[in-house]
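Attaching a single structure in structure tokens format; questions to follow.
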Amino acid sequence: MSILINENTRLLVQGITGNEGSLQTKEMLDFGTNVVGGTTPGKGGSRIFGVPVFDSVEEAVDSVHPNGSVIFVPPGHASDAIFEAIDAGIQLIVCITEGIPVHDMMRICAYMKSTSSRLIGPNCPGITSPGRSKVGIMPNNIHLPGNIGIVSRSGTLTYEIIDLLTKNRIGQSTSIGIGGDPVIGMTFLDALELFEKDKDTQAVVLIGEIGGTAEEEAIGFIKHMSKPVIAYIVGISAPPDRTMGHAGAIVSMGRGTARSKIQAFGDAGIPLARNPNEIIIQINTILKK
Amino acid sequence: MKLYEYAGKEIFSRYGISVPKGSTASSIEEAGKIAGAMGKSVIKAQVLAGGRGKTGGVLFSNNEEEARQAASRILGLTIKGLSVKKVLIEEFKETHAQIYLGITIDRLVRCPVIIASIAGGIDIEETAVNSPEKIIRINIDPLTGLHDYQARKLAISLKINDTKKIIDVIKKLYRIFVDNDCILAEINPLAQTDDGIYALDAKMVIDDNALFRHNYRDEDPDPLSEMAKKNGMSYVGLDGDIGCIVNGAGLAMATLDMIKQRGGESANFMDVRAGANEEQIKTALRIVSSNKKVKGIVVNIFGGLTKCDDVARGIIDILPDMKVPLVVRFAGTNEELGHSMLEKYGVTLAGSTEEAAKAVIRLVNPH
Amino acid sequence: MKLYEYAGKEIFSRYGISVPKGSTASSIEEAGKIAGAMGKSVIKAQVLAGGRGKTGGVLFSNNEEEARQAASRILGLTIKGLSVKKVLIEEFKETHAQIYLGITIDRLVRCPVIIASIAGGIDIEETAVNSPEKIIRINIDPLTGLHDYQARKLAISLKINDTKKIIDVIKKLYRIFVDNDCILAEINPLAQTDDGIYALDAKMVIDDNALFRHNYRDEDPDPLSEMAKKNGMSYVGLDGDIGCIVNGAGLAMATLDMIKQRGGESANFMDVRAGANEEQIKTALRIVSSNKKVKGIVVNIFGGLTKCDDVARGIIDILPDMKVPLVVRFAGTNEELGHSMLEKYGVTLAGSTEEAAKAVIRLVNPH
Amino acid sequence: MSILINENTRLLVQGITGNEGSLQTKEMLDFGTNVVGGTTPGKGGSRIFGVPVFDSVEEAVDSVHPNGSVIFVPPGHASDAIFEAIDAGIQLIVCITEGIPVHDMMRICAYMKSTSSRLIGPNCPGITSPGRSKVGIMPNNIHLPGNIGIVSRSGTLTYEIIDLLTKNRIGQSTSIGIGGDPVIGMTFLDALELFEKDKDTQAVVLIGEIGGTAEEEAIGFIKHMSKPVIAYIVGISAPPDRTMGHAGAIVSMGRGTARSKIQAFGDAGIPLARNPNEIIIQINTILKK
């Protein structure tokens, strides 16, 4: 099994006729994803790569019954697209769009509390479950089915690590990019809870970075997980931000730097990799046990 | 985007938060005239960095002559790498109490958080660590907005009179925070004076992602960052001598980390984002190499939709203009083709991020 | 509070919804001058009731003379009991399509609902019953507000071109609805013309409970209702001859129903609310008896915190001024004391609402 | 048993030092309600009728652990008081205040969807459970413990009917006034569902009036209830409203008048009373069965 997506995922692509939407739809179809429809207001009734296009998510839901959606709509309209997906009852929403205002995201997250939908992203590469389905923009040819879960805030760095795992013949159950924005839907903690329950995941690689305290918030759960988690945190060389104002410092209370994160994971006894190669070494140690 | 103090105070004023009378000056002459007409005044460096007080960026004056002296000292300062080009001259206010009031985003709870403390002033962060009971935080539901009962709770917790006026300022600051897509709106100190409650400082940071729906103009842009931004890329200058060009912020940070772990120092952070094609890579190389400190450049590309051979073509094209050695590492789509294209041009090729870091350090520090 | 068409159009205009050029007139003279300068124009009765078109309250004119005739006819009209004191004169617009667009409150779902139909015009309610597929309704979450995708869905459903302009009007009308605490904001018809999308009518009803935070002024108040409102009571004039004074809207309706079931006709609805004390009951009796049609008055009070003896004292005090017979029914706190106080004054006492209704009908229709 | 309130109700009075708040607190104490605290900003630390006063609901919750709240705050501040009660986790909120803007109420009702609090009112007389507790402003001396549930949109009309029942020695399990405003918290349907489950309620009196379709919406449920419901609907003599505009008519689709409600209840075979006396007759018939 995988988490979040699998061979039963029926995907809707919001913004399917745009540049990135159409390019990535092609890639997802090549991967084997079951793309059942797309939306672009005003282009309803047409087809792209054989996939039917609708004017609205509601119409798509009525016609082709998607259970997941991926969003490639430009930032000025992406939050509206997320609301549209939520209101149409789509359960899994993956928003690739970069550049959505953070105030919009706060409103969306508050609204989602009274719904059962789950949001991944925005500003994320999406989810890949090798051999089953891909919802997002990860390169097609780097994955290998297996038992390692990956959850990351990065894009290409995640690809680099997936690629390295694959080259070392270490397969993945599911790889998730949760996105690098300050306010996102799914968190490290949420993803880890799903991996913990997934019987096909043996160990998890967590790729964190500076900013926020999402990594630290997951530590309590990791300590009680039955599965090992290996953390790799980047940004140790980032300069101290010239941020004005004290509010951010008061909220984070000294946490949020790469150094403080690494310290916190170290204190909790969670294995840390200092570079991608160390991830492979750590996993091999675990898998040998 | 950060706003200067005077720009923030203009917004405060428009929303009805009282600020001291004042205006800005770019010359000693001008500053002297403005302050001379005021009597006791305060002269403040206008610079987008904190800690001005501790670096001599805030001085007081009683007359035109003192003001000229103060302005001449401040206009010569460089604070945290930023040179001071403007001062704000304001009427001096005697304060009875200094409150800290700030609104930012609580990423964890995914909502605005209002922070208040009676221990306002420059040591507020220490107060937060040493006397957390003096700091009160309230999370705001972004859909319902700030409730009166929350503003009241904050104001009452400060335990000074003027509760009604403080409630009013809190409500106005929250309006400002929301209306302007702020990620920070801060008043430190919010001062209790003989004639009311005044915002003696103003710090506002606007969400860059929301600039499209506002009318802010960056008054003091960094030319390299601006050029990168215009081309859909992200550039931050650093103090080292190794130029870096990477696609993806995470991979870029990982590359910088690797360079640091191996004893090198990066000259910049650069994420070329989705723009890792032929033309974009040329622009990126131009931007990074225009920093005179750069002694070598590492290009680290993980190809997905980006094709490594396209990137190679861009590099080959601009190579004649490059004065410093290049290390290139390709992975993903057409990595081998890309590497093979570069072989005959004397570019150093690396098989991994780690190798690339090692190689560029060797080139930059040959001893 | 209902707004006149011209007042609604002023608001529409301020929010950027196009309305035909026009102005109001209170005299035939004035109307003629305004219309004379316009060419083909439409002259509309300004009255707070629907169905103007069907009662001759909307006429067309081609020149000053026709306009004077039209105005003279309209300014003499009484529509649904309301006399016309003002007309709105507007440029005539040739329309290609007439859309219905309205926003009100869906009490069941507890949120605003936007209703749109391509079958706009005076027969929209029949369309709703006979061709419900021509009516589209969208509920709006009051916390997130109208989403673009919702406005788009409404606009596309109308199946005319100009989708973008219609979306714009929908978004603006929703803003108006929220900003002004409306319980109704309606454009019927919203017309597609050669030079754009125009609101040819404007109907706005403001929530009375929210008037405290707005600046609306009732231009045409009913004096009795106003006096009641000022005293914390609620009065609505009706056509019958039995005056009614009751505490509580439900009990007041039950009393009116009982009168009707027994063959009587009420002259008014009056809820004295919490104000059922000595002074208030005197004011209430003054208001109700100032209606010349009233031939008898029933007072029906259920005492809780209200004490029936207090009410009795008020009645006794004003009794000498009363020209019509009174029936009083007390229940609850001190009902017996109240009844016994009134016994010697020749007031008819009733043991229940039903008895009170019967008694007052007997007094008013003695045959 | 009763519904919503009982001898375990620990009541907080918001606006306890105001005119109506203090008067009604006295009445509730006399009735036997366990009033554990009150709030008035700025008067924290004082006492009224021996009841401690707090500056905020949060402080009251920390100190005296109320599980219900009744609101006597003026209309301009009442919606804020409701939000304060919800956010402090109060489970039962009864808002007596008349005159709250309907847009405020819509926002509150939307917000409540993501919470577990229940709101009665506003503009309502509250809840009385004879012999157990009273939360609201119904007169103290008209009630009699028994097995009839009452749910009504009115104030004094409800008192009149309770009084009549009591005089006819027909006791009440719980009497609820849900309020007469266009947008309210608890509906007829919600109350009927609770009465249906309450083993001490044998039959229910529903007192409706013109406006809205809340009465009609309950019909489907009433038809499947195991307990008889007697409906009394007032407003048959109300003049047709001079309402401008068609939107209201389109939303209600011809329903919402007293006549249409009576018709709908009649069509569904639900017993109707034409006046208070007929309620007594109907109940006596039912109780004799």
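Brief remarks follow.
Here the chain labels run A, B, C and D in written order, and each chain numbers its own residues starting at 1.
Basically, a residue touches a chain if its C-beta (ideal position, glycine included) is under 8 Å from a C-beta of that chain, and two chains touch if they have at least 3 such contacts.
All of these numbers come straight from a predicted model, not from anything done at the bench.
Chain pairs B-D and C-D differ in how many C-beta pairs they share in contact, with the greater number at C-D.
Greatest centre-to-centre distance from chain A is found for C, with centres as Cα means. Centre-to-centre, using mean CA coordinates, chain A is 55 Å away from chain C. Centroids built from CA atoms put chain D at 27 Å from chain C.
Touching two or more other chains at once are residues 107, 111 of chain D. Multi-chain contact residues of chain C (touching two or more other chains) are listed as 141, 143-144.
Taken as a graph of touching chains, this assembly is complete, with every chain in contact with every other.
For chain D in complex with chain B, the touching residues are 41-42, 55-58, 77, 80-81, 83-84, 87, 107, 111. Residues 20, 23-24, 27, 75-76, 98-107, 109-111, 137-139, 141-142, 152-160, 163, 180, 182-183, 207, 209-210, 212-214, 217, 234-239, 242-251, 253-254, 258, 274-277 of chain D are the ones that touch chain C when the two sit in their complex. Put simply, chain B touches chain D in their complex at residues 141, 143-144, 147-149, 152-153, 156, 163. Against chain D, the residues of chain C that register as touching in their complex are 2, 48-50, 80, 100, 102-108, 110-113, 115, 124-125, 128-129, 135, 137, 141-143, 178, 181, 183-184, 186, 188, 203, 205, 207, 209-210, 212-213, 236, 238-239, 246-251, 253-254, 256-261, 266, 269, 273-274, 302-305, 331-333, 352-354.
The residues of chain D lying in touch with chain A in their complex are 113-114.
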